[in-house]
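Both complexes below contain chain A, partnered by chain B and then by chain C.
What follows is the complex of A and B.
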């Protein structure tokens, strides 16, 4: 027996795109999402806008989701988790746990799109004082304030005069174990810097970086406007520590292009935290027996010319569960995974028809 | 700190003078005197300093620098000192007030940085814009101010009387017609400019050019005493007002005469007539003398082969600024006997003589900031390729390089010649 259904684990941008593609092809889909809402990190982490378009995140995700809602080919399981797994490509049997009850779902193929989580700055080896100082925040916390149009000093609610972003927090670091570049933080920090300058034209914004990694069009769509139009100050050299002096934070580091030590007062420090595999990614990799790399991400097989194959036949992976990925990567991978999954269930169905 | 026979002596406390606040070269070194010997901490970034510059027309692009450093690699000033657009951007970001900083006057506007800049940070516009404000505030090196004043008073930066502007023609050996006296249109109106009209080495080149034009049968005339400095270098050094008032006068003068082509001896004048005067409504068919002569040079008869190994220095304002690299070389290659060897920096990445953008009048100032003159570095490069002659075609360069030949101890090893002087020498031979 084979199943023509595809089970998608994770309802973020990658999973949504996979579901859209499969539904368009007439392939029945079940989406299992652990949160009680679709939309993934842009919704769950209260993104103000998407990078690099600066489009309102709620609106953009709502538009993306629209074709799925009320679609007879799509079954949604929100607040649910895959808890059991058996079978083989073409005929998997999965247990889906939800509200304390178990449901069995049969699927010919599985797409894992369980995403990432933001790095916890408490693990940073530098003295950034995230858990000591209220005014040291992370990219998603800054994003949330920008969404609410109230970017303030968390300690006293006052408008900041000076905001400093510190790049590469939790990324590119052997000691922490995240040797990879998280790929999006340079762009997201620059995008937020633009938004801070839009919302608070009097504020001065600094970005301290090792090297700006603005690949492709992010260079001209975000980095250049941030510097040229929005007067964001880019300073090469990573802040090494954040200290509290009076009611202000003082950041210390080296200004490497001047070759001089630097110590300046700021009101808010935004830590540009990178990506790590989400809890769901780790759990699903374990449950489905998918090979993981040393960082815990699901290993895709056959890179660079294959992007969504895993070590288990019939199980595909898309988006940031495979490693740092921006929205464009994630959505493209979702589409590619849908194609692979649709082809697989069709092939198995044809084979079953021929033998049966 | 006093040092005697290699021994470091202690300094008596009463001899130490402490300033409450001391800023040197844009860096705040306030504090206990001992601190000067430590690394200086940046206490503040001041986007305000940058905003002051980017708010100026022409100053916008300084804010675009992303610190790639390509400019510093090709900056001729950095070769002999510590300078470069990338560094200027950072110093300003860290608090330097460029309007009052010495760094403001070191740029020669040679344009090599802009040639390589991926962000199109344009020092050729930024520096004049900031300098203009400094000049308006009366803050500029004295020797530069002197050149401005002479230009304003006499119509030339050398401070020579206007009525002597055509005196060089007397010893040319050929008739050099003044267009006003001809009373008819000329094919080529020759704009001589100040150094060829007044400087003794410039005059020699001007006479050689007059003889060559006559030999070719070119129908030409000069403007003579009515001609005033085009002042493009004064503009780039910050005296835009002076440039504009002289442009107004010169346009009026040129409007009186009919001519097909406007030929200039000076690449700086070439640049102004070609790129600046059109902004004031004046459009001329302007050529540098090398461009006029290159297609005609085969018609010349030669009396003497010049057995020199010659190297050519591209003027910034003929080459990089206006794209002409070939015409001077065609003339050199047409002169019998010459062997042209290129210096390792030539054409697009040619080195700068240091005279542009006001550098011509800042030698004393620059000497306090640079390890050696740019012209001295260039002379060493010419010697390095084994040249006997350093050929030039910009009136600033003959005197600059001849001084540099002396100061670098290369007298007798390297001759500095305007290309037209080489033409003249080969054409006339011993008869000259």
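What follows is the complex of A and C.
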């Protein structure tokens, strides 16, 4: 027996694109999403806009989702989780738990698109006083304020005069164990810096960095305008500590450009936190027996010339469950995974027809 | 040294900001400063950076950050270490640290900063030559006491200058008081440019004596040709 259905775990950008592609090919799809809504991190974490388009995140995701809603080829299971797994490529049997009950779903192939979570700056150490000072926040918290058009000092609701971003928090750090670059934080911080300057033209914005990683068109679409048009101050040097002085914060570091120690008073510090595998990614990797790398991400096989193969035949992985990924990476991988999954179920069905 | 601004701590911030505003108001400013990668290519190609504690990157950075203290320090010291060769125009972002330095120097001169006077002090003769004759350093300035670093033969050459010059093939170089022959009309046009572009006012700011001597020379020539200098200066 073989199943022509593909089960997609995770309804974020990668999973949605995989579902769109499979539905277009006429392959029946089941999406299992643990949250109550599709849309993944851009929706769950209240993104204001997408990088680098600066398009409204809700609108962009709604447009992406539209072809799935009411599509007869797509079955949605929201607030659900995969809890059991058996079988082999072409004929997997999965248990899906929802509202305390278990249901069985058969699928010929599985696409894991369970994504990432933002690094928690308080996890290992009290980094930069994140849990100590109200005005030390993270990129997603800043994003939420920007979405509400209310970027303020969380401590007292006043408008900030100076905002400082600190890059590479929880990334490229052997002390923490995340040696990788999270890829998107340079662009997202620069995008937010532009938005802060748009919403608060009087505010001064600093970005403290090791090196700006604005690959491809992010360079000219985000970085240059931030620096040239919006006068965001990029200072090479990573902040060592954040202290409280009066009702403001003081950040200390080295200004490596000018070769001198620096101390700057600011109102809000935004920690540019990187990516880590989400809880769902870790759980699914364990349940499905997928090889993980030392950081807990699902290891893709055959990189760089294959992007979505896992260590288990018939199980594909797409998006930030495989490592730091931007939206373009995630969506591209979703499409690639759809193609691989569709080809696999078709091949298995043909083989079953030939022998049966 | 470097980026230490403590020497100018007593200068009020308002004064530093006033000068910085003049720099920003220069219409060339936005074409000289986009954003800085900190790549260091401007320092790598800079001849002055090899010999002095000088960095075109610092200049661009200080201006980009709108650090008025640092800009003031640079305007008083570092900008005079630049040879204005514009090698730093190699910048991948299209910045021109050399062009920014031109602006900083001009603001320093216009405001009569002591550093500008000090830096230009040794150049009175050269400024006089350039402005009054329209050519660069003239052969008759080749005097052993003025330019000992021009080598052991300066004395010999300067004593027979006319002969040496006549040995040069182009007739336009058979001059000793100017580098080459400059026509009366070219000279008049240059004088009018010095006045109209504000160069004469800058000279006045740094060296009043020199300004007086130059004005005498220029006025005479211009008036001969029918130009009323007072009206020209105000244009």
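One rule holds for everything that comes next: the second predicted complex is superposed on the first by the 352 of 356 C-alpha atoms of A that agree within 3 Å, B and C clash if a C-alpha of one lies under 4 Å from a C-alpha of the other, contacts with A are read in each partner's own complex, and residues count from 1 in each chain.
Definition applied: a contact is a pair of C-beta atoms (placed from the backbone, for glycine too) under 8 Å apart; a residue touches a chain by one contact, two chains touch by 3 or more.
Only a predicted model underlies this, so the values are computations on that prediction, with no experimental measurement involved.
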| item | value |
| --- | --- |
| Clash or fit, chain B versus chain C on superposed chain A | clash |
| Partner chain(s) touched by A:304 [first = chain B, second = chain C, both, neither] | neither |
| Contacts of A:264 with chain B and chain C, given as first, second, both or neither | first |
| Partner chain(s) touched by A:246 [first = chain B, second = chain C, both, neither] | neither |
| Partner chain(s) touched by A:236 [first = chain B, second = chain C, both, neither] | both |
| Chain B versus chain C as contact partner of A:227, first or second or both or neither | both |
| Touching both chain C and chain B, counted on chain A across the two superposed complexes | 212, 223-224, 227-228, 231, 233-236, 257-258, 260 |
| List of chain A residues in touch with chain B within their complex | 204, 206, 212, 223-224, 227-228, 231, 233-236, 255, 257-258, 260-264 |
| Of chain B, residues touching chain A in the complex | 39-45, 47, 50-51, 54, 63-64, 66-67, 86, 90-91, 93-94, 119 |
| In the complex with chain C, residue positions of chain A that touch it | 212, 223-224, 227-228, 231, 233-236, 257-260 |
| Complex contacts: residues of chain C adjacent to chain A | 2-4, 34-38, 57-58, 61-62, 64-66, 70, 93 |
